[in-house]
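So, here come the structures, one by one.
Here chain A shows up in two complexes: once beside chain B, once beside chain C.
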Partner chain A sequence: MAQVVVSGLLFGMVYALVAMGFSLVYRMTRVLNFAAGDLLMLGGFIGFSLYVQLRWPFIAVILTSSLAVGLLMVIVDRLALAPAYRRSGVAATVSTIGLAFALQNGAQLFWGNLGLSFPTVFGNNPVPVFGVLIVPEMVALFLIGSIGIVILTLFMTRSRLGVAMRAVAGDPVMARLVGINVERTKSLSFFIAGALGGIAGVLLAPITLLTTTMGTALGIKGFVAALIGGLGNLPGAVVGGLLLGLLETLVGAYLDPSWTDGIVFAIVVVLLLLRPFGIFGEEGIEEGR
Partner chain B sequence: MTWRSLRAGIGLELRMVVVLIGLLGLRFALAGGQYVMLLADESMIYVIVAVGLNIVLGYSGQISMAQAALAALGGYSAALLVMRLGWPWILAAPAGAALASVAGALLGLLTMRVRTHYLILITVAFSTVVLLFIVNWSALTGGPTGLYPIPPMELGGFIAQGPGDLFYVVAVLAVILVYATERLRRSRVGLAMFAIKSSEKGAQAAGINPAYYRVLAMSLGGLYAGVGGVLFAALIKFLGPESFSLTSSLFYIVIVVLGGMGSTAGVVIVGVVLTVTQQQLQNLADYWILIYGVLVMLVMAVAPGGLGGIINLGREIRSTRRRPFRAARPR
Partner chain C sequence: MSATLEATGLSKRFGAVAAVDGLDVALAPGEIRGLIGPNGSGKSTTMHLISGYLRPDAGTIRLNGQVLNRLAVHRRAALGLGRTFQTPAVFLQLSVLDNVLVGCHAVDRVGTRVGDLFFRPWASKRVFNSLLERSVSTLDSVGLGDRMADRAEDLSYGQQKLLGLAQALVSDPRVLLMDEPLAGLGSVEMDRVIAIVKDLRLKGGSVLFAEHNVPEVMQLCDRITVLNFGTRIAEGTPGEIQRHPEVLDAYLGREDREEVDAHDQ
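Up next, the complex of A and B:
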């Protein structure tokens, strides 16, 4: 039992990172970013090229990959998404579906059709800790992910730019009146979502097989995790991600593993019918489409 | 009924009859070409499923990711009724379509009280569950290797052996169903759906019950998906889980968006063009999905009305040129 809980929570970090980017973008722009999972995929593949082909140190790989995916999202936002969400969130949401198609096919052209396996960085052999077997790779994923979350939280609460972002999320008109560049803060939310995806992708790469289609499922999971935590709520997204990871491993271990996704979805749907705004969600954020 | 509305009404029926005659003419012009027939049937089936999604996404503004799964439900249940229970096609086909319609309505009912994102969640969940059923319950559905051989469609004494025979069935159904969506768009029900899309509160103030029309749209969308699925089963005589994945649901969204949400003509044209080019491009280039993706983003950024928006714009320019000061009338 302890074993299952620990591995579930560790893996849930991946969902937590996707969900945070998803929630932040939604809160700032009312766009549901269905390319969220493909950002992870892209991060993983860029990481593969840098780490395996160019033999960069791992820390540089993580930083470069997250920076690259973040910048790509800023460009996409300026060129394609911003003109769409200025009209309606639904239009831009559809636009992200196009982005997902483009990223998947683009990665396929660049890195090929076959899955790539990323070599282990921190070790793949389980180490017993207090009677629980723990894979070092998963611990690294969890710790580095946590550092990312702490930095983002500090940024959102302590820095001027972070406060400006929250002001825009609260009331864009008022924020503009006090001199905040609203468009820039929205782009910044896409940068952060991309950067989180880049980090999560590189961290996920050693414990999975990199395929260009892996993003679809991950993006949906991130969306579900964000809904569980309350769409637009960042701490909620983290809790939602960890809970989703836990739920998946529990269902996989104690119920039928071939039905995991279906059972998890059923549980989440029931949960959200009972609490439509998630665990921490406020009613207000759902209004204004 | 004014003269203009009468003329517009008759015009639509007339156009549909002309299209049907044109399609049947095409059938004879292309007689013998099995591959061309297959392609023609396939694009009409895609059109049926896409105009169904257009009711959901384009008319009432709901993002549903279950269109392909609903098609799977319709196709698999009709095929299984024929194969396992020995039902005649003439009963199994409507049963499959009706089941998909009921499933669509249930999805709508589940999200009646909550907002748009939950429809996305629930339709994704539904997709996942349907695919898991197909893959895991292989004793019934054939599992990952697929369900085959599905016997040819038999209606009365007419047996649709190849795509050339099925063409008649598909063409008649496609014309009727496209005509029905176009009628719906101009009816009170369609207008109510458009009203909900542009402002839920405004629609409510006008006495429209949003939940009712949302569920109705979902059930109609399911019906169209189901018909498409049944025809697909009868055409290919094989059903596999990969034809109904989440990605193919997204592909229908792409068709509706590029065609112009709410525009029947646009969706029909894009549906045909995309199905045909996809078949051709698949052989030519491996970057066609990239092109679609970029095209979707471009359309949403530059011309969110899609092809339909461009058609309407042209029509508006022409009509204002003729009578400069006529008040705009709803279309």
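Up next, the complex of A and C:
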């Protein structure tokens, strides 16, 4: 049991990172970013090129990958998304689906159709700790992901830019009146979502096979994790991600692994029936302002 | 004495209606100017034109001699023009402290740009901390010091108005535009706002005070401008205004009745 809980929580960190980016973008722009999972895929492939082909140190690989995916998202936002969500969040949401396919096809051109396997960085052999077998790679994923979450939380609460972002999320018109550059803070939310995806992609790469279509399922699960926690709520996204990871491993371990997705989603449906706005969600978050 | 804030020939039309029509107002440093007039006489529009929320069709607005007409709202704020709103305009989801912190946005730009966090992290941190201190002392001065951690939506209507005032005061405005600051306040909160305005005058700041509460305006203001149909029908000391025949005719009588109505609500 302890074994299952630990591996579930460790893997849930991937969903937590996707969900945070998803929730942040939604809160700032009312756009559901369905390319969220593909940002992870892109981060993983960029990581592969830098780590395996160019042999960069791992920490530089993580930073570069997150910066690259983040900057790509800023460019995409400026060129394609901002002109759309200025008029309608729904239009921009559809644009992100287009972006997802564009990223997948772009990655195919670059890295080909075959899956790539990323070598292990921190070790793939389970190590017993207090009677629980843990994989060093998963622990690294969890720890580095946690550092990312702490930095983002500090940024949102203890920097002027973070406070400004929360002000824009609350009331963009007022925010403009007090002198905040609203467009820039919205672009920044896409940068952060991209950077989180870049980090998560590199961390995920050593424990999975890299394929250009791996992002689709991850993106949907990140969305579900954000919903469980309460769409737009950042701590909620973390809780939702960890909970989803836990649910998946529990179902996989005690019920039938091949039914994992079906059963997990059925549980999520019931959960959302009981709490339509998620665990920490607030009524009204879905009304665009 | 040269004026701090000077608007000349200010005009704004909405379709066929002239909301403000050739208005001249000049505020001396340390002056509290009342702006009164019946509903629809152009008080709020005047405030919007000066703060930059609306663009005038004609006329010039100067702050310390600098023409403001083409400047965006936040640039005017950075030059020392503050404003409060008739209905409390605060960020309901943010904490009380963060609301005031956001009000500092136009004062010092360090830490409000992405690059600052990477290239000037220590300066950003220092500015953040100094603005935090400044926000706390501003909140103390409006009497919300013990509510800093609460969400703005948990405050009463009057407290939200005080918070809006703190948001404007934190940038140390040279001229503060106050749109009906007393409306909806209890007597304790009203006294507090009046004390803050007097304090601002002592520091050499000017206040343009649009208000329905005529007795308070008569007590507080150095001079009063009376509007009707977007034009100035009188200007002078409270004593002069109270005796002005046109004002008595067009405005004060009716206002007294409105006040009775307001009390009944």
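Heads up, the rule we're going with is that the second predicted complex is superposed on the first by the 288 of 289 C-alpha atoms of A that agree within 3 Å, B and C clash if a C-alpha of one lies under 4 Å from a C-alpha of the other, contacts with A are read in each partner's own complex, and residues count from 1 in each chain.
To be clear about the criterion, a contact is a pair of C-beta atoms (placed from the backbone, for glycine too) under 8 Å apart; a residue touches a chain by one contact, two chains touch by 3 or more.
No experiment lies behind these values; they were computed from the predicted model shown.
Trainee: Quick check for you: in the superposed arrangement, does A:L188 touch first (chain B), second (chain C), both or neither?
Mentor: The answer is second: A:L188 touches chain C but not chain B.
Trainee: Just chain B (first), just chain C (second), both, or neither: which does A:L109 touch?
Mentor: In the superposition, A:L109 contacts chain B only.
Trainee: After the superposition on A, what does A:D171 contact: first (chain B), second (chain C), both or neither?
Mentor: Second partner only, chain C.
Trainee: Using the touch definition from the top, say if A:S159 reaches chain B (first), chain C (second), both or neither.
Mentor: Only chain C is touched by A:S159; chain B is not.
Trainee: A:I180 in the overlay: touching chain B, chain C, both, or neither? Say first, second, both or neither.
Mentor: second
Trainee: Is A:R55 touching the first partner chain B, the second partner chain C, both, or neither of them?
Mentor: neither
Trainee: Once the two complexes are aligned on chain A, which partner has more residues of chain A within touching range, chain B or chain C?
Mentor: Greater contact footprint in residues on chain A: B.
Trainee: Find the residues of chain A that appear in the contact set with chain B and again in the contact set with chain C.
Mentor: none
Trainee: Residues of chain C touching chain A in their complex?
Mentor: Touching chain A: residues 53, 73-74, 77-78, 89-94, 98, 101-106, 111-114, 117, 124, 127-128, 131, 167 of chain C.
Trainee: Contact residues on chain A for chain C in the complex?
Mentor: 155, 158-161, 163-164, 166-167, 169-171, 174-181, 184, 188, 191
Trainee: Under the stated contact criterion, what part of chain B meets chain A in this complex?
Mentor: Residues 61, 63, 110, 113-118, 120-122, 124-125, 128-129, 132, 135-136, 246-247, 250, 253-254, 257, 286-290, 292-298, 300-302, 304.
Trainee: Would you tell me which residues of chain A are touching chain B in their complex?
Mentor: Touching chain B: residues 32, 76, 79-81, 83-84, 87-88, 90-95, 97-106, 108-109, 216, 220, 223-224, 227, 231, 258-259, 261-262, 265-266, 268-269, 272-273, 276, 286, 289 of chain A.
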